[in-house]
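Note that chain A is present in both complexes that follow, paired respectively with chain B and with chain C.
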Partner chain A sequence: MRLTQGTFSFLPDLTDEQISKQVQYCIDNGWAVSLEFTDDPHPRNTYWEMWGHPMFDNPDAAALMYELAECRKVYGDRYIRVVAFDATHGWESLRLSFIVNRPKEEPGFRLARQEMAGRNTRYSTLSYATDKPAGARYA
Partner chain B sequence: MQDGNATDTVVADEAAPQAVDLQQEYETSGVKEVLEDLDATLIGLAPVKQRIRETAALLLVERARKRLGLAHETPTLHMSFTGNPGTGKTTVALRMANLLHRLGYIRKGHLVSVTRDDLVGQYIGHTAPKTKEILKKAMGGVLFIDEAYYLYRPENERDYGQEAIEILLQVMENNRDDLVVILAGYGDRMEKFFESNPGFRSRIAHHIDFPDYTDDELFHIAELMLREQNYTLTPEAAKALHEYVGLRRKQPHFANARSIRNALDRARLRQANRLFQTATGPLDAAALSAIDAPDIRASRVFRGGLDSDTDATASQGPVTP
Partner chain C sequence: MDGDGTKTLSGAERYKAGVLKYKEMGYWVPDYEPKETDVIAVFRITPQDGVDEIEAAAAVAGESSTATWTVVWTDRLTACEKYRAKAYRVDAVPNTEGQYFAYIAYDLDLFEPNSIANLTASIIGNVFGFKPLKALRLEDMRLPTAYVKTFMGPPTGIVVERERLDKFGRPLLGATVKPKLGLSGRNYGRVVYEALKGGLDFTKDDENINSQPFMHWRDRFLYCMEAVNKAQAATGEIKGTYLNVTAATMEDMYERAEFAKELGSCIIMIDLVIGYTAIQSMANWARKNDMILHLHRAGHSTYTRQKSHGVSFRVIAKWMRLAGVDHIHAGTVVGKLEGDPATTKGYYDICREEFNPMRLEHGLFFDQNWASLNKVMPVASGGIHAGQMHQLLDLLGEDVVLQFGGGTIGHPMGIAAGATANRVALEAMILARNEGRDILNEGPDILNDAAKSCSPLRQALDVWKDVTFNYTSTDSPDFVPTPTAAV
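Right after this comes the complex of A and B.
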């Protein structure tokens, strides 16, 4: 099941050139871009692990593309996303975030139902990937 | 990830032009302005200007070939600038960044100027991130490494400089489209540096040597500097400055244009002092901007000594009064 989180996630995967252009757009807007990766794609898992620091003073997208290549070498079997942070007063938060790398197999999520008193049911979403321990999920 | 088919079709859709007017290209790309500006504001340096003009021509032709659909390979433009102190290496690097940007060779055209300290870390594992950080900052522009030979310290085999050099070489090779690296330093020491790091020599196609300025050129540079600061030389002062240039060259630690700039700074100091002590009434703009002969002749250089007190007598022998 294809993970649809963040911008562009309903489009086909972006090519490196398209990623580079999007990143340049972010930089030209004064946003700091950075990379994050995870092997636990649960929608509530907002805090992915950071790959390096946010790039506050790199004027060109090549810097992020360089880091993306490095990150893919290490975590090419996980989800990697580009995050653009706007530091201007009043925003101070993310302006754009999109997935730039996916594992080959995306197992998706299952719905867990918990039966409560009085025929009530509680629902929760579980990622099949997290059945395996961290680090061995997309091998 | 998907393949780059999308971009191929875009290029094919554009009607390929049948001919390219190089002259027009030269004028519209803004290269002409940069080169003319270079001629007007940089005095002397004929071989350097020649090389810059050749580089510009090469890039213009490459661009034209690309437009006509001919085979083209982006040339490698990593450079090394060698020359004595004060011969304008940094200034030219700045112009070079601008020129390459106008030619579309680099995307942003900024210059990141660093020395050993900015690249090499203090402890194990500190160097690589530090060097990468600088390289990333320079991407899309020009990385100018001043006194590059300090990166390599043969006397200490555990020096972290080697690590920085390895990362530099790797990025210079793999990210050729993303940044241009310019190494700068004094001629003989750079020669030694290249000898012990053959990887650098083979990756750097352009070695540009900056010649020393002649006395006349230095005088013109002085005039230009003064004009930029709204100062003028009286005829006697001009004569004194001519003599100064000749004398200063023969003394140790001569740093071409930088020595001249320092001399002018001190002359301005003396002029201000003179005005304070001698002025009796209000001064007009001409008086405030005129540098007179005594302001220059007061320099120690005319008495055979060095401007700094340290080794003036040691290296000069007896000081003639």
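Right after this comes the complex of A and C.
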């Protein structure tokens, strides 16, 4: 399967040049860009691990692209995303979030159903990858 | 009749039993300076022949506040001058014979806090049937910060909705399940699953899907949630379907909303026809239960569409932001339903901005401060398709739900393919816009390029390439921007 979280997951994987343009767009809007990575892509896993802090005073996409290359060296077998934070009053949250690195195989999710009273069903979305301990997934 | 109708009377002269002109009773105060805490309404008035516009405006002020048709001595038991609404300005409508904009100020103490029902009972109450007017339309309102702060507003708001859904930087995509009526619960859920798996974020019940012989509401909820969860697992992405809880009574609506919560739905839906009080009750329920609340504006065109009589949708949008809904249908401009571009921009600004400056060319008559009330996500729905993506993004911006019903389900390769076509078109357009490309002019090229690696998009562009709805809008602004003179 292909995980479709993030703003551009329905397009072919972005090239570094395309990523750089999106990052520069964020920076030009005054947003702080940052990298996050995970080996647990559950849709409710909000807190991916941070690759350093958001770059609050960085004017140039090149700095983020350098960090992306570094991050890929260590965590190239995991999901990595670019996130952009807007501190403007009334927003104060993410403005853009898109995946820039994926594991080679994306095993996806199993839907577990528990039959309840009446016809009600309790659903759980379970990532096949997290059957293995953290660090040993996607190996 | 006492008085010569030219000046406001006072003291014994004013309260002698009999009938006075409204403008003599204190409802026309041309030198009045509205207070910061006043509610201000601007009405389009069409006086009957022989009724002058000042008297008509004063009558509207009177009938929407304290007045009755004759003098009453009991006025003098109250601080009646404070409670009288005051018409203070009357302008002829540009290029329209016999119509006037009347500005009326209301003291804040005339209104119960946090009650749209109370506000509307005054402002659009008896006055709309008043005989001396041929027609009356509420065009806009200025809601003072002191009043705005008595309302809770949208339970979720645009930012928190995006955080909950984990979707940023692009419009959300939805589709209304079609046919609107007649599908069984099982068949209905099939449409939901295909559309969500194919790439939409939301599917939606239509306004008139409640609990009919062909599909009981519980059956619909159960099959829809199977579809939502299955699509979520297939994509690894949060999905939702607006479960319409509109019903005959509040008890029924609460029961349906509770069931939606029990099943794990992230969003429910109500129709405007349930009424302002019911909407505020459901907003309270939604806030208590972390539920996104979608409002379908069913019924509004009966009173918003004609320019001479009724209530402008911009006022409804303001009331709904106060009342507290997270989504509201606000027009598409390019689709099949009424919507002039400038007027629609005005509606969108009301939903999404923290502060609306006066912009007559968008139909906004006042500065409006929203005092940090949550923002409402506008929904564009009705006769739109992937081939219009550049226009939609340019006109409506990023914080909007684009709903392609026929434009998803009518795709020649099926529902999932239709959904994929819309999602790819959207993401390609966002990517291009962020890269600095001129999407309005390059839009068709951007879509054609994206279609090279996405055959569902290619097919969507081919099937719907000639579909447009170019009709003249009935509701458009009366003011056009005046070009600044070159110095």
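Points to keep in mind about this one:
Convention: the second predicted complex is superposed on the first by the 136 of 139 C-alpha atoms of A that agree within 3 Å, B and C clash if a C-alpha of one lies under 4 Å from a C-alpha of the other, contacts with A are read in each partner's own complex, and residues count from 1 in each chain.
Quick note on the criterion: a residue touches a chain if its C-beta (ideal position, glycine included) is under 8 Å from a C-beta of that chain, and two chains touch if they have at least 3 such contacts.
Please read all numbers here as calculations on a predicted model, not as lab measurements.
Contacts of A:Gln22 after superposition: chain C is touched, whereas chain B is not reached. Of the two partner chains, chain C is the only one touched by A:Met1; chain B is not.
Of the two partner chains placed by superposition, A:Pro133 touches none, neither chain B nor chain C. Judged by the touch definition given at the top, the superposed model places A:Glu67 against chain B, while chain C stays out of reach.
Between chain B and chain C, C touches the greater number of residues of chain A. Judged by the touch definition given at the top, the superposed model places A:Leu94 against chain C, while chain B stays out of reach. Within the superposed three-chain model, A:Pro12 lies in touch with chain B and with chain C [touch as defined at top].
On chain A, the surface touched by chain B in one complex and the surface touched by chain C in the other have residues 12, 18 in common. Considering their complex, residues 1-4, 6-7, 107-108, 110, 135-137, 139-141, 171, 175, 177-179 of chain B touch chain A. Against chain B, in their complex, chain A makes its touches with residues 12-13, 15-18, 55, 57-63, 66-67, 101.
Contacts from chain A toward chain C in the complex involve residues 1, 3-5, 7-12, 14, 18, 21-22, 25, 41-44, 46, 84, 89-98, 108-111, 119-121, 123, 125, 127.
Across the interface of their complex, chain A is touched by residues 159, 162-163, 166, 168-170, 199, 222, 225-226, 229-230, 232-238, 262-264, 354, 372, 375, 420, 423-424, 427-428, 430-431, 434-436, 450, 453 of chain C.
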